[in-house]
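Consider the two complexes below, in which subunit A is the common component and subunit B and subunit C are the respective partners.
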Partner chain A sequence: MEDRSINNQTENTAGEIRYGKEKGWFFTLMRLYGTYAKLDLLWFLRDTKYCLLYMVTDVICALAAMAGVLLLSVQFGGFGGMSRNEILFMLSYGIFVDGIFNLFFTGENMGNISRVIGRGQLDHWMIQPVPVWIQMATCGFCPFSGSSKLVCGIIMTVYSLYGLPVAVTPWWVFSFLAGTAASTAVILAFVYIVSCLAFVSPAAAEEIAPTAHSPFDMLKSYPLGGLSAFWKTCFCTVAPVGLAAWLPSLSLLEKAPGMFGPLPVLTIVMAAVYMAAAGMLFKKGMNYYGKYGCPRYSGFGHR
Partner chain B sequence: MKRLQQYTATARICAKGVFDGGLLSVAGEYLVRFLQLILLVQIWRSFGESSVLPDGMSLPVLLTYTLMASVFRQQLDIITPATSALWEGSITGRYLRPCPVLGGLAAETIGRWWIPVFLFYSVPVLLISPLLGISPLPASAWNLVFFLISLALSASLGFALDFIYASMAIRMKNGCWAAQMVREALTQLFTGALIPFAMLPGWAGQLLSWLPTGSIASAPLSIYVGGAGSSPLYLIGLQLFWNAVLWPISLWIFHKSEERMISYGG
Partner chain C sequence: MENMAAPDILALDIVDITKIYSQWQRTGQVRDILRNLIHPQKKEIKALEGLSLQVRQGEFAAYAGANGAGKSTTIKILSGILKPTSGSVRVLGMDPSVSRLELMRRIGVLFGQRTELWWDQPVLTSFEWKKSVWNIPDSVYKENLDMVTELLDLGELLHTFSRELSLGQRMKADLGMLLLHSPQVLFLDEPTLGLDVLAKRDMITFLKKINKERGVTIVVTSHDMDDLEEMARRIILLDHGHLAFDGSFEELRRVQGGLGRVRVTVSEDAGAGMQELPGLTLEEVKDNVYEYAYNHEKSSMQDILKALSCLSGIEDVELKRAPIEEVIAKLYRSWK
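Let's look at the complex of A and B:
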């Protein structure tokens, strides 16, 4: 994943943050979202050619990732327990999830947190008069440059629904949004859990976040219905690529009906478990970081 | 002879430096690659059980194809450090070395990726493949001979295409990462490394096999497993044709692009 941090410079000033603190964390959160949206817009306006280039690139990558599985489903009329149209919906769901991830976590290497940890850049957050979690939640926000995959995902999802006997009710739309948010949370939490290795081994694990993310890029497009129960369980727990598109799609298509209709409950539960584990490990990592710092701050200098 | 020593020394230095960042820096990548192999094997098995495989593509053949695609991934998907060095600004260092830039980049690729991946990923996976129920053996001894010739031509073609991509990256200046991303996204599908062309709809498989990218992975792997369709001589002939066409273009475009090279580092 590319490093777009050079295009997004923080512009927090002490005055702004003090003002935010008086009004509460929610106000600060929204204010920072606004600030990062403005910075992203400024990049778009200042460097339109390159910004558009990256946006188009995101769409090409999304379509290329789904093309192979789509062609397989065309050839065999569907596979893995899903019909051709159902596979198209699952692929669209996957692009939608990628779109949310890009929208909120592309900037400042937030989706590649091991780079931030390994380079000793956590210190930059700690000296800011804003809680670290608020900075983490906001500084990756790219509503303009990071929106192309989401737009592509919306279009593909709407198109795929035309060929499916799905009743699109408000509850279904809520279930879809909850499912995509949960899938995004699973991917993010998995990347953060693996990235915690960078606290104890900054040089070796600096680039481990893209590696942790790559199974989702490569494998989430495949319907896992034809696999044995053992492998299905593996791919929905230990290596949770099945939670990124396949399992929630089954719920939304009501092929795995539960108590709450199309709501992908299992994905949401797993997302909560993964987020809790990521939060706990990251906190432990921060304590370690507070004690030992980062060896990148050495005589060689730092990034 | 002296030139060969220079390249060998470059490859040796790069091979030794692979674990400089620690085991973690490469082990994760090997694990992901193995996971992908496992998933594809399981999916192909589900195809085999439902008896929907196309004519001439039996399950054992398909599994061997996927195994060898994973084992020879580095040779079938050539990515030299050219684009990343341009992005990082370290490309200037290559021009200060006492050997040609393109040859040096090729030697780096062999040292940094071919040797360690073969030793620490390919050989272990080949050894455990019978435990996964996959035969790593070629269709026949002749198929192995033709495969080795085809693999060499495939690697050569991969370098030519990589230098063309690097030239595009040079011309895109700060957008060179975009060229790299698109290339990575398209490679797996267009080369046939992930999904054999025989598994795609007829028109798509035929079209992709004629493209230069189709000669990179699909040709040597099809020869290895002795898949139905084109003969080894036809596939090798096609590879020779694309090598003859793309190498002059690659060298010409790269040397023209060098004049426009700007690297900020980042």
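Let's look at the complex of A and C:
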């Protein structure tokens, strides 16, 4: 159903409107990131008070979510095979990942895609001359209102590294960024895979994306080292909460076996697998949507 | 914004399309729980069946039918949102499900009960968002923005938040936004839904203007037949997914055999002999007003007036065309 090619409208027949020259998907992506950044900035400038309140709330929620595990680790000097400082690093890593997720996928329910599908709002995407994947990648970009958790994550990570014997080399920084990007991709892909149910059952599965996301919110802050190999495998494959913070943190602390030093290879591989599965299922879902449409439309928060 | 596409290409070319949906059937009874789990019952619904029609560039066509006739399904197929189960569709020579991106630059789709405006942003910001997403050149954007601002009287609305607009204002803003990329074909699904008389008038005048002066092809659906007759020259009627009628409104009246109406007002003591008049069929009597239907192909106006002149107590005679609402309602009833 999707035509991925971006046509060069300047070559249309004489007399027709000449659109701006499309240089390729990368430029479209950048142009739309700019557009959504501007929309977000306008919200920040117009409703500054509410926007700031929203950002502060985000940070409080992030800190509150890690407080329990942090206090336990302080009380017992670490647990689950990790020391207190290592747990603090893992928690910071988790907030950093949440920060990336919020930055790119908070807006317009992009991180809760079952709402868009279940409310019949994909129709809005289909009448835009932009490939669906570019809309999904750009629509939720909130560099101003969605940046608070990322800033908090950066500060926490830097702070936690002071208490750890980690050599912060450019390769380590690259590994950290690759790991956090992969963890974000795993969370996003998992949410999208589950959200595909909304194609076939829009009313029942409209709110399934927040439910699919919640295990990551609840469990990613726990060190899984104390669990049996079976459960560790489960949490790093079929229910990949361990890939959101625990396993990549161990790799970065060089406590997990790996051929590339701190690079969290397994997380990156699993992210690729999950993204491929999500892409395949979403494409199937779009075909189903093209065949049967969505028998309902809910206008609120229309995108 | 003028339509300069090759005139030999049809705006719409629909050939024998069928669209089948499936509906889950659930009984809601305990004994059917297992059956619903293992082998859920599905019912096939044919929204469109063997529909074929063509619309030339520059036409203004009304697309009507009772609820569930398949109007919105057709609009969704034409705009690439849905794929037909069988048959072929071409819009400006392109298959919507294959060339969606290119087609979306050339057509505009408006669903009356939905909005493309950004709810928490002023109207102008939504317009600028559209400029960026459609990659509309500055000069074209400015020209079209000036045009829609003037014709739709959007001046004061541009800086108002979309969520604060009334329905009529929102529809105007949506329509203005729809035209910013100079679409050659417009699909409007119930654009006058819920609008008051004034807002409806403004919208109809505007649509007629862009069709006449700029050659924009418009296909509009509505349940308000009077609106459709005022806007369009051609009416395409759907009945349960089949093409039931395709022609002018006058032809439709002729087909239905009730081309005209005669309304006769008589004094209070008169009324004798009014029940049966040659060439006239009594439709309604209210107080002292008698309304008849006639077919000018079967009865001459001269005979009708002669028959009326023989009666005493006639205070007023009014001749008019049969209301299109009535003609179509009669058709809908006959299809049930």
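FYI, the second predicted complex is superposed on the first by the 274 of 303 C-alpha atoms of A that agree within 3 Å, B and C clash if a C-alpha of one lies under 4 Å from a C-alpha of the other, contacts with A are read in each partner's own complex, and residues count from 1 in each chain.
The criterion applied here is as follows: a contact is a pair of C-beta atoms (placed from the backbone, for glycine too) under 8 Å apart; a residue touches a chain by one contact, two chains touch by 3 or more.
Being a predicted model, the structure only gives us computed values, none of them experimental.
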Q: Answer with first, second, both or neither: which of subunit B and subunit C does A:219 touch in the superposed model?
A: first
Q: Tell me which partner A:127 touches in the superposition: subunit B (first), subunit C (second), both or neither.
A: second
Q: Using the superposition on A, tell me which residues of subunit A are in contact with subunit B and, in the other complex, with subunit C.
A: 2-3, 6
**Q.** subunit C to subunit A touching residues, read off their complex
**A.** 1, 4-6, 21-22, 76, 79-83, 85, 97-102, 104-106, 109, 111, 113-116, 118-121, 125, 129, 132-137, 140, 181-182, 184
Q.
Give the list of subunit A residues in touch with subunit B in this complex.
A. 2-3, 6, 49-50, 53-54, 56-57, 60-61, 64-65, 67-68, 71-72, 74-76, 79-80, 194, 197, 201, 203-208, 211-212, 214-215, 218-219, 222, 224-228, 231, 235, 239, 241
Q: Can you check the complex and tell me which residues of subunit A touch subunit C?
A: 1-3, 5-7, 9, 13-20, 22, 28, 31-32, 34-35, 39, 42-43, 123-124, 126-131, 290-293, 295, 297, 299, 301-303
Q) Which residues, counting only subunit B, touch subunit A once they are in their complex? A) 21-25, 28-29, 32, 35-36, 38-39, 42-43, 45-47, 49-50, 52, 54, 172, 174-175, 177-178, 181-182, 184-186, 188-189, 194-195, 199-201, 204, 266
